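Presented sequentially are two complexes of chain A, the first with chain B as partner and the second with chain C.
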Partner chain A sequence: MNDIAALIRLTLRELLHQRAYILLTAVALLIPWLLIIPMSLFLIDLGKVLSDMLFAAEHVLLSCFLFFIAAPLMARDIEQKVCHLLLTVPLKRSRYIIARFGGTALAILPMLLLFLLSSCAALEVVAHFWPVYVKAGIGLSFLLGGGMLLLPYLSLLGLLYLISTASSGGAETLVFLLSAWLLSWSVPPVLAALQQPEVNAKIPDWISALITAIDHILPHLSSGRLALDIAHQHIPPGIQLGAYTLEHLAYMLITLILAIMIFERRDLT
Partner chain B sequence: MIVRLLALALLLPVLFLAHDRIPLSGVPQQPDANPPRWGANSASWHRIVAGPLPGLWADQAILEIFNIYNVAKDKPSTERPQWWHLLSYQLHRALTLDPRFRDAYRLTEGLLAYEPGFSLDAVDILEHNARDAESGEYLLVASFLAHQDLHDDARAIRLASMAASKEDTSLLAAGFAARLIQRGKGCAAAIAFLQQRKRLLPEKYAGGIEKKIERLKQDPACNPEPAADMPETQAMPPSWLRGEASQS
Partner chain C sequence: MIHIEGLGKSYGGQWALRHASFQIRSGEAVGLLGANGAGKSTLIKSMLGLLKPTEGTVTLASDAVYLPEQPQLPETLSPLAMLRFKCRARGWAQTQAETALHEAGLAQQAWNRPLRQCSKGMRQRVLIAWCLCGGHEKVMLLDEPMSGLDALGRAEVLSLFKQRRESGAAIMMCSHIVPDMVRLCSRILLISGGVIREEVTIREHSLSEAEILEKKLARWQ
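Then we have the complex of A and B:
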């Protein structure tokens, strides 16, 4: 267990000292306060508008982390043979992947925590100065929503490990990661649109059955729906939140297990 | 070094020139001859494009409405319908993406509803989203519009009863519908109601309501006596649900 903990610590040190990470963290602290400026353009739903913009900012921050900090780490390990150094310790390949993944996932937390706390403070300040337009307790709702939004990115991080263990280098990893990221953005709303009664009536039965089957492997509560409900301070039912959490964690574990299976068989020479 | 500084000095005016020429706001100076109309597939399409950020795209639609209104408000009456079709499209988009967005409801009843020829569109939008609207005040306005502009009392009663089902307007809606539909008292009540709605919009967006009040006052069939008929409307309790707009 010590070898995993040591590699997690090393990964954290590597990531947290990167200039890109420090810059992202500074942006995460500052952006909630800057978003108050465009918020003031609106008429009534100021708290909801600020929450919408904060959720969008969180998507951008987490995507930047994935593409510019997490993806290059694994690509560098494989391309520059850094993993050879670590595996000669000796360290099992499976433990190497688990530790690298654990370190990367933990590295998200300081940045995200600072962003959520800064957002919560900004929302509470707005609620204090404009109590007519912002409901009390909006900061706490956002903390819950922002925390839940991390889960799809943990799934994507698992997918990144699966992609990088199978790909030949950084460029290939980025291309496949971008495709997976675009799919994760577009599939839930496309499925929801295809399941509308008026659209469903026009498509053949077998396609309809296929859509229903695909829909069953995705969480019923999409990230978009979650963000919208939280912005209006409607907390989704606990069972939906639980299913959302479980389903994303299951995706993360599945992709991680597949990544380990591929990496154990990979020729690293 | 001097050459580079000179090159920079020459390039800066180019940037300002380009900034002046390129329409950065995204609002066309002239709308298309056939502005986009909200159709059966529009909702699905916009939901797909919005991805996991439907709320943000709904906010963007509201900003788009502000842009359109700023360009369109001073256009001659022959050009106005094209612009108002664009505005209506954005309201449909905002409420499709976020059916609880109060800014979109306020602009539907405050901007679109008082443009001649667009009352029906506004009532359709408000009625279509009746289930999702958290407040009954917008349904109350739709009921008023159905009675006053569309002369469709059956629809007005239906909308008022929908408003009555909402917690914040239940008593008000019942009294409102009863008074509004009472023949002969509609005009003064209408003016009082419009004046009350006007206070909830920023001054720069209240031109449409103001014109409507003027039209009603000049209508020979209308009795411009003080609006004592609307005690319920005047007595609306100030709450965050119907607070004045933050920009006023």
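Then we have the complex of A and C:
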């Protein structure tokens, strides 16, 4: 385990010292307080408005991490032969992928934690000054809901590793990651709309069953719904939370296993 | 130490390397000389398993240390962090990292500097230190190890590799700098079009040998 732990540590050190990461972390700290300005333009439900804006900001931050920090790391490793050095330490290819993934996933945590704590504090301040429009305890709910949003991004990170192990470099990785990211946002709402009772009544049963099956199989990588419900202080039943967690962890594992299988077989030119 | 038998690599039916067979004994350094695209890096990467050989077998007596040709090192890391990673991964004492950096001749004030602030020559010394770190590997595969170094640096590094050779390491080295190869190696394999064309034994380790080699290489191109 020495080698995996050492590479996780190296990856963390490498990412945490990047200027892009430091900038993103600074933004994560500031943005909750800056969002109070546009929030104050609204007249009612200020707490809900701010938590929605913070939720959107969290999506943006995590997506930026994925595109500007995680994707270039693997692309550079392959394109610029850093992985040649690391693999000949020696390190098995599977262990290299696991350690790089572990390091990248861990690197999200400090940034996310700072954002969530800063958001929690901003929401509590808003609740203190506008108690009529903001429910008490909204900060803590956002902390929980925002934390749950990490799971779909871990699935996306797994998908990024799958893409980058098969790709030839940065450009290819970014194009495929962008496509997967866009699909993860656009497909679930379309599938949800197709499963509405009015639509179901007008299409054959087998198509309806097919759409439902696809909806169950495809990962809901943008599934902020459940996390947003928690942030809005509507705690879903435990079984739903468990299913949500299990779904994303399963997708993360599947994509990582596939990434390892591809990386084991590929030529590193 | 190194035994290669009928090694070949093809990309979609196009052979980049074919029928490579040779042995390198303990305490021997062998050079691989060829023009760009001759198949030198393909041979070394196939030996390491970075490329999956299409045919043939590779037997290395121990873990191999590899110095790739001009890799872009992680810019935010320091030389010491890189070397310490290797020590941690192998379970070696951390002090070996410092010993290797010292041995490679990297100025101490650069040890904790981010690699983006290091010159090309300094980065090459970090790579040399990476190779020397630990000193447990008995097989060394070096792809253009002198790249980016000045004449004095090349001489220093060459003497380090000579020490390793004398302590029993089997070394394979690719380089475009023929005089350096002649100084270190006892045999040179001339490679062209993915095929090892000729094996030349070096007796004098002199500049005249280097000139002869260059002429022989030109004949195969």
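FYI, the second predicted complex is superposed on the first by the 257 of 269 C-alpha atoms of A that agree within 3 Å, B and C clash if a C-alpha of one lies under 4 Å from a C-alpha of the other, contacts with A are read in each partner's own complex, and residues count from 1 in each chain.
By definition in this document, a contact is a pair of C-beta atoms (placed from the backbone, for glycine too) under 8 Å apart; a residue touches a chain by one contact, two chains touch by 3 or more.
Note that the structure is predicted; figures quoted are calculated from it, not measured.
Partners chain B and chain C, once the complexes are superposed on chain A, both fit on it without clashing.
Judged by the touch definition given at the top, the superposed model places A:L268 against chain C, while chain B stays out of reach. Using the contact criterion defined above for the overlaid structures, shared-chain residue A:L30 touches neither chain B nor chain C, since it reaches no partner. Of the two partner chains placed around the shared chain by superposition, neither chain B nor chain C is touched by A:L109. Look at A:A171: by the touch rule set out above, it reaches neither chain B nor chain C. Legend: residue contacts after superposition of the two complexes on their common chain; A:E14 is shown touching chain C, with no touch to chain B. Touch criterion not met for A:A209: it reaches neither chain B nor chain C. Of the two partners, chain B and chain C, it is B that touches more residues of chain A.
In the superposition on chain A, A:A5 contacts chain C only, with no contact to chain B. In the superposition on chain A, contact of A:P90 is made with chain C only, not with chain B.
In the superposition on chain A, contact is made by A:K81 with chain C only, not with chain B. Fitting both structures onto chain A leaves chain B and chain C with a minimum C-alpha separation of 30 Å. Residue overlap on chain A between the chain B contacts of one complex and the chain C contacts of the other is empty.
Touching chain A in their complex are the following residues of chain C: 45, 48, 50-52, 63-66, 68-69, 71-74, 76-77, 81-82, 85-86, 88-91, 114, 127, 130. Residues 40-41, 43-45, 47-48, 50-56, 58-59, 62-63, 66, 98, 100-103, 106-107, 201-202, 240, 243, 245-247 of chain B are the ones touching chain A in the complex.
Remark: chain A residues 2-3, 5-7, 9-10, 13-15, 17-18, 76, 80-82, 84-85, 87-91, 265, 267-269 touch chain C in the complex.
Residue ranges on chain A touching chain B, taken from their complex, read 40-46, 48-49, 51-53, 55-56, 59, 130-133, 135, 185-186, 188-190, 192-193, 196, 198-199, 222-224, 227-228, 231-232.
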